[in-house]
Amino acid sequence: MLEWINEFISRNLVTLIKILGFPGLIFILVFIIFAVWYQRKYLARLMLRMGPVHAGKVLGWLQLIADALKLLAKEIIVPRESMGKIFLLSAITLPVVPAAAIALIPFAKNYMILSVKGFTLPLFLAIMTLYPILIVLMGWSANNKFTIIGAFRSIYLDIAGEIPMILSAIGVMLWAGSYDLQEIIEAQKSIWFIVPQFLGFIVFLISYLAMIEKVPFDIPEAESELVFGYKTEYTGAVFLDTMLGDYVNLLAWALLMNTLYFGGYLGPSITGDPIIDGSIWTLVKLIIIITLTFTIIISYARLRIDQAVRLGWNYLIPLGVLNIVLTVFIKYILLGG
Amino acid sequence: MKDMLPYRYHPFNEIVELEGGLFQVNMGPQHPISGQGRFIVITDGEIVYKIEMDIGYSHRGIEKILENRSFIQGIIPLERMVMLDTSNIVMGYVMAVEKLYGVEPPPRAQYIRTIIMEFNRIISHLYALGLFAESAGWNPAIFLWTTADREPVLDILEMITGARWSYSFFIPGGVRADLPNGVKERILTTLDYLENRVRVYEDAWIYNETFRMRTEGVGVLPRSKAIEWGAAGPNLRVSGVPYDTRKNEPYAAYGELDFKIVTHTAGDSYRRGWARVEEIKVSIDIIRQAIENMPEGRIRVALPPKPVEEEVLTRVESARGEINFYVYTEGRDRPYRVKISPASFRNFYVIEMLPTIQTIRFADVPPIIYSFDPWFLDADR
Amino acid sequence: MSPSEFINILKERFGDKILSYKIQGDKRIIVKIDSSIVEGFASFLKESGFDMPITMGATDFIKNKVFEIFYGIWSSQHDFVILFKYDIPRDNPRIKTLVNIWSGVQKFERETWELLGINIDGHPNLKPLLLPEDWNYEEEGYPLRKDFNLKRYIAPWGDES
């Protein structure tokens, strides 16, 4: 038995590190702890506050862990009239979907969890479409008016956001001439795609904000209207899980934005080791993207659901199509492929 | 058992299905945005069919309390009506008492009162702006900025009156104390600071595209309806009725100062928020003039032993709009009847009536309500 | 139009049904009318441009055994307030609503119904507003009436002023 384990570990050491360590489970958890802490501190500074300062002395870094422990210690309340199993299962599954999509993202050259080649960008988008379904299950099963309104708003928003996002991804695929995430990154060696695909990037950025459901598109949560949207009824550890799902979702989309438009792991060499270099550049760009996201979060009011959907269908989708047409025209006719 | 309960006792998250597929959504009293009251929103999907303001959660019976106290004792419970805006509220009562006794406070007291009332209006408007931004789905950035900007004003009020809130500073016949040394310079620097901050709010908030999308053309209150339903304050003024008690029936030192009334004809949520920013500017202007023209002299006169008038109706422009006091006395040192008609009480009726003339979406309910700057404690008394 | 001009118009029109009046400053008329002409008086005010209700309530004159109802109406044309009052008997307090004339008095009338126990005929929405739904009027009475028993509500440590 022990030998078998030894053999398994030695044969699959790299895979295990990838799955459990970086860029797998531990990385995601640590990064989310960092992201939540960073969001709190950064937004607090913009709001003329201090943010957490007490737990952990230095910059309140322990506050988040304290909060998580507090939530874990709380009672998990399942509303009597809810569909208990679906109510709990959908929330527990929530972080898994974006985490599965992250497995496709290359953090350095040839360094991703799932070393598949080929249709990885369509696969990524396909996996991420499962996320709204879980949200509807969460909202529906809680059997509460605020949650169900939140869930339906989420569906409207995801439809309005996902199609433009896929259209802008098509633009990137056409420009790079590949479906593969790693090849897309490699194609950005001369110039990052944010420059030739700028129109597509604008479409992507707005639909990205819709997909992560933050202000100005936090319509499904809409604290001032719906209390907490589809998450209203969750308590304790399950609530923590839904929060986790939120941030893994943010991480997945931010990684995709980095991959498509900011050259992924590309960057000048620092240590000489391509895997460490690539990881460092990925993380640096990721933090910049997240800072941008948080800055947008603080600067805008929430749109109404009809305005958000109209924005998606009336402006983003035509712009996305226009971007595809321009890409084809420039890339394959002017530049000749 | 469940059916026997009146509808107020439904828990806030319970689905109450009405006839015709309508839903009753109870926003409050335990809802992030509701405050000390409840909005009963009857919706047909996202379309709002009816809004009902359920007030009275903090009814303290201030009218009855005033009946059982002498005029000067009544000031203290009266201040609890709107803690944000105490001096404007108290001014109406104090003015009523002065009219009943037939005394005119000395001009210096009037100017000091004007300064304090305008500072109160500024802090109240700042708070209202923060809540309005938050109800439109902002992260609480604007709310916290405005909260922070109230601090220097509160410091000045503390310097003048000795307390940050509820200073009981206005008494029949004048004010309790003269301006302390060095407060004028402090006031002027604070006004400069506030002027800069107002510009920041305009850039970050009033001209913000998403905010305009959310509030422009929403919750339009036409001029005729504003008058008919009795809207008050900036809400009335942006609907095209240039009524401001400070101008139309000058009290304190307003008659001697030169200022403009903020009016507009659009009457939508956006302009109601905009009007508050503009009114902060006007208030800054008024305080500057009052500081400049401050007369010397006494700050208080004694009241005669007995009231000379029997009844009086005074109107004062509080931050939320006109508040009026009907005071009837039988010649004793206490009122026989005080009727307070606060601005929020009238504005709540306007909010209730809005869905009858226009389609409102569920997501627009909080911004519309908070564009009227409602204050449940004000309406509850 | 100034208040004194308007009071002359009123006197001409309603004669001795105007029981008394006083003019305070240049922005107030306080006028007492006979309870029989309330509706005609109100619609005449509305026609003369008094369009915005600013206050409404009642005073309990327990010695005279009357309730005095008062309405304060502001005119956007003439820019002054008329406060008209009339007496109703205290043992059977019953008035007719003026909601159809001034929509804005709805909440004020509702409050008067609730706190003073004056029945308002034809009011569209008579529900408790400020008091709790389970307020027991028979036992606890109407708060703004003068015979309301305040002693019930004095805290054990408080004293009576």
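Residue numbering begins at 1 within each chain, and the chains themselves are lettered A, B and C in the order written.
Here is the rule we use: contacts are C-beta pairs under 8 Å (C-beta built on N, C-alpha and C of every residue); 3 or more make two chains touch, one makes a residue touch a chain.
Bear in mind that the values here come from a model prediction, so they are computed numbers and not experimental data.
Colleague: Spelling it out: a chain qualifies if it touches chain A and also touches chain C; which chains qualify?
Modeller: B
Colleague: Going by C-alpha centres, which chain would you call the most central?
Modeller: B
Colleague: Report, in whole Å, the distance between the mean C-alpha point of chain A and the mean C-alpha point of chain C.
Modeller: 62
Colleague: Where the centres are mean C-alpha positions, what is the separation of chain A from chain B, in Å?
Modeller: 44
Colleague: Between chain B and chain C, what's the gap in Å when you average each chain's C-alpha atoms?
Modeller: 24
Colleague: Counting only residues that touch at least 2 other chains, which ones in chain B make the list?
Modeller: none
Colleague: Applying the document's contact rule, which stretches of chain A touch chain B when the two form their complex?
Modeller: My answer: residues 43, 46-49, 143-146, 149, 215-216, 218-219, 222-225, 227, 232-233, 297-307.
Colleague: Quick check: in the complex, which residue numbers of chain B touch chain A?
Modeller: 13, 15, 23, 25, 27, 31-33, 46, 133-141, 144-145, 148, 204, 208-211, 213-214, 361-366
Colleague: Okay, in this complex, where on chain C does chain B touch?
Modeller: 24, 27-28, 30, 51-57, 59-60, 70, 72, 76, 79, 81, 83, 102-108, 128-133, 143-144, 148, 150, 161
Colleague: Okay, in this complex, where on chain B does chain C touch?
Modeller: Listed in rising order, the residues of chain B that touch chain C are 6, 8-9, 55-56, 59, 61, 63-64, 68-69, 73, 99, 227-230, 241, 243, 248-249, 309, 311-313, 315, 322, 324, 326, 328, 336-337, 339, 341, 345-346, 348-349, 353, 380-381.
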